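The structures come next, written out as structure tokens.
Both complexes below contain chain A, partnered by chain B and then by chain C.
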Partner chain A sequence: MSLQLFYKHRGVEKRAEGLPVELLPLVAERISGTSAFAHSLAFCQALEHLAEVEVLPRTLYLRTLLAELERLYNHLGYQADLCQATGLTVAQAQFDLWKERVLRLNAAISGHRYLFGMNVPGGLRCDIAERGQQALRELVAALRPDLETLSRLLLASSSHRDRLETTGILTPQDACSYGAVGPIGRASGVNRDLRRDHPYAAYADIDFAIPTLQEGDALARVRIRLEETMQSLALIDQLLERLPGGAVRVPMQRLPPGGSALGWAESVHGECIHWICAGQDGTLQRYRVRPASFANWQVFSLAVPGHNILTDFPVIEQSFGLSFAGADC
Partner chain B sequence: MVFSWVHKGLRTGVLTTRYPAVHEQMPEGFRGKPVLDPDRCLSEQGCTACVQICLPAALELKQEAPYSVRNDAAHLRSASSDCKEVVQSDEGGAGAGATQLTLDYGRCIMCGLCVQACPTGALQMTADYELAARHREDLQIVNLLEVSTEDGGTQDGGARFISPPREGEG
Partner chain C sequence: MIDLHQICSRLSTACGTDRLRVVQLSPHEIALDVSPQTLLPAVHTVQQEFNAAFADLFGLDQRSAQGTFQLRLLFALDEQRTWLHMLVDLDEQTPTFPSLADALPAAGWYEREVWEELGIAPLGHPALRSLRLPPDWPEGVYPHRQAFNWSQKVPTVEPHYFKLEAAPTGVVDYPLGPVRSGVVEAGHYTLRTVG
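This part shows the complex of A and B:
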């Protein structure tokens, strides 16, 4: 199976060159809409590192919280997509329902269903009010038991599970050689997660587990996603409980001419790396981004051949849950 | 197991909303389309804050040449009532340096930075998300400054969006 990517190449790196600093996160967000927050976070972190700006504690916690919200709605959506692929329509509706509730919560706390426009260099554009935090607490409290029920039902549904077991196997050796990242890598034994290994935002202050499996089939990916969703709920609870007070934004400083910096974030797809280099006039001279999907699309073509049949293709595709726009940027 | 999914589904019930028959209100702070209050806009006094911050160049400012350099009859018309017509013609503005501020909703990404940049609050974000139109032109080249809100004109300059059918209407 040969992949033909880059139809969604939009020249994002080029577009960012020469832009004033306050417009740059807008560009980064639009690399991939479903990992918009993670990309703008990585980008702002790079800018702040370069300009030697230290953000406030509340910013760190809220950024972590929003990043986990992004992970949450995506994982719920991927379960729904996979249920659609296997024809488990009630399950699809149940997961889509939860995804929609999270998207509506996103709209209420950030003004955008996909959390666009929250990260600015120096912090966040706005705070999350107590009412929004309470809505978030209630959503997590309602979702957790329902997710346990849904997971149990899902993994016991043989019409669904049979199509996932041994389907689309990505071996640990291939995952390692090709540098698979994110939940795809972790389902094939690549025990890496930027949140734990290179902590950013508030991840160093909170407890969470990084599930890893070795089987590398679609079922392993489903189980990793379910477990990561539960971890996200636990993370959100911790962050809300320990949220520091104060402001959420500090002024951004000028970029030192000729300086360069790296920013990173673990999006729902995996590691996103942003490298920036400032020109002599203080605007961005060169921007290099490696979204997670760029790494993972390469391993997709390894998982498809073998003993899989034609009708396994949508199952494999949905179990990978990759972003075309993210790969092409 | 199929039985359990049926149970789960029945217990959840039907949550589909009745949009477009019933309008879906977006939460407060939701970023829909921006609108301009021409009475508070300072573009005629030289302010270009919104245009400068607009990344997709949806906002555009044009200064019409003063009528005195043009040799035609347009300058004989009165400035106020025929202003719209004159500005849109090729013959130039009726007054000295008439300002034309256009907003192309097709280019707008609803980021809200123009609203933040506006020093007088002339630009405001609304939660209106119903921006479908039948033709590309219906979304663009709207002279925001020409629209008076007193005579019932809309602040989006009369961009021709399609209104969804609502219950109890028509």
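This part shows the complex of A and C:
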């Protein structure tokens, strides 16, 4: 297979140079709409590390909560897309319905379905009111039993399973040597997750498991994401229970001239890493983004050849669930 | 906290030099200076001995301030919860470094990117061709050099598309994309299959 990507190259890194600091998260979240929050989070953390700004505890918890909501709607949409590829229209509709409910909740609590504009350097643009928290608790309570049933039915549907088992295998050796990240890496034995290995926001304070499998086929990628969806629900419950009080934003300080810093977040696709270097005037002199999908597109073409047949291609593509724009800022 | 002294001494042994410098940049970041000649052994050592996971490779144009280009590699040291920056200063006249693509296959695309966008050449790269820039982008215009402004007009040239060799008899090339049905973004695949 030959791959021609990068039709979405927008020169985001270059565009960010020289812009005022308060506009920069808006640039970062436009790298990829479906991981907008993870990108603006990684970027704001880089700015805050550089300016040595201490973010408030409530901000850390709410950022974690919003990051998990982003994971939740993406993982639900992922299962819907894969059901479309294998022809399970009823299951597709069920997952899409839940995805839509999460997106509407996002809009209700943040003003944007994809959580744009929430992260600002120094914290969050707005708090999440008690009413929003209650809506979130209700959504989690209703989604959990439904998701358990849906997962059980999905994994017991032979027409779905047959298309996924041993399809598009990414071997653990390839995943490791090509640096696969996120759920794709974890379905092929790469036991890494920035939330646990380099904890940021409030991830060090709460309990969650990182599922890892060795098979590396489409089914493994599906199972990893189903399990991560359940983990996200458990995370949201814990975060709401322990949510500290107080404000959500502190004033941002000027960036020290010539300084550099790193910010990172585990997006739904895997680790996204932002590196910034400040110029003499307090704006960015150089901005570097390594989005998760850039690392994962390299391994995609390794999983397609072999014993797969042409009609396996849509299933393999959906099972990777890669982002085009997310590879290519 | 990571033991800097240990990293320093292990790397110095591996690279056959006693002049390696490791500095703590922040509680979670350390930086290590290596020369282009010691890059390969240094990468090998951090991977084998410190279980470092490759995360990024990019370059900086710092000719106006330091008279060099800088190649920057980023590794995650998960056990120590630390990020390791490996910094390689490159001569401004001949910015080259030995390609890591054989030893570290993940670096393949990143090296194409620094070659294309900064003009830093990975010597011995197995498939060096353009990656992110459009096919009608002129040679020698490097968007990540400091002199390049994001809003400047870039003249277009005759597009140079990458083409596969013709498929042998009994094998078909099945093109897919860049524009496809459904709400998906643009990507162009060529699938080769028997039939």
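We adopt the following convention: the second predicted complex is superposed on the first by the 329 of 329 C-alpha atoms of A that agree within 3 Å, B and C clash if a C-alpha of one lies under 4 Å from a C-alpha of the other, contacts with A are read in each partner's own complex, and residues count from 1 in each chain.
The rule we apply is simple: contacts are C-beta pairs under 8 Å (C-beta built on N, C-alpha and C of every residue); 3 or more make two chains touch, one makes a residue touch a chain.
Small disclaimer: the values here were computed from a predicted structure and weren't measured.
When both complexes are overlaid on chain A, chain B and chain C end up sitting side by side without clashing. Within the superposed three-chain model, A:111 lies in touch with chain B and out of touch with chain C [touch as defined at top]. After overlaying the two complexes on the shared chain, residue contacts for A:23 are found with chain B alone; chain C is out of touch.
After the chain A superposition, the centres of chain B and chain C are separated by 100° when viewed from the C-alpha centre of chain A, nearest 10.
More residues of chain A lie in touch with C than with the remaining chain of the pair chain B and chain C.
Legend: residue contacts after superposition of the two complexes on their common chain; A:97 is shown touching chain B, with no touch to chain C. Touch criterion met: A:3 reaches chain C, while chain B stays clear of it. By the touch criterion defined above, A:41 reaches neither chain B nor chain C. When the two structures are aligned on the shared chain, A:179 is found in touch with chain C, with no touch to chain B.
Fitting both structures onto chain A leaves chain B and chain C with a minimum C-alpha separation of 13 Å.
Residues 1-2, 4-6, 8-9, 12, 15, 26-31, 53, 55, 109, 111-113 of chain B are the ones that touch chain A when the two sit in their complex. For chain A in complex with chain C, the residues that touch the partner chain are 1-9, 11, 13-15, 17, 49, 177-179, 192, 197-199, 260-262, 264, 271, 273, 275, 277, 286, 288, 290, 294-295, 297-298, 304, 309-310, 313, 323-325, 328. Interface of chain C with chain A (complex): residues 25-26, 28-29, 53-56, 58, 60, 72, 74, 76, 78, 81, 83, 104-106, 108-109, 131-134, 143-144, 148, 150, 162, 164, 174, 176-178, 184-193, 195.
Interface of chain A with chain B (complex): residues 19, 22-23, 26-27, 88, 90-91, 93-94, 97, 104, 107-108, 110-112, 116-117, 126, 149-150, 153, 156-159.
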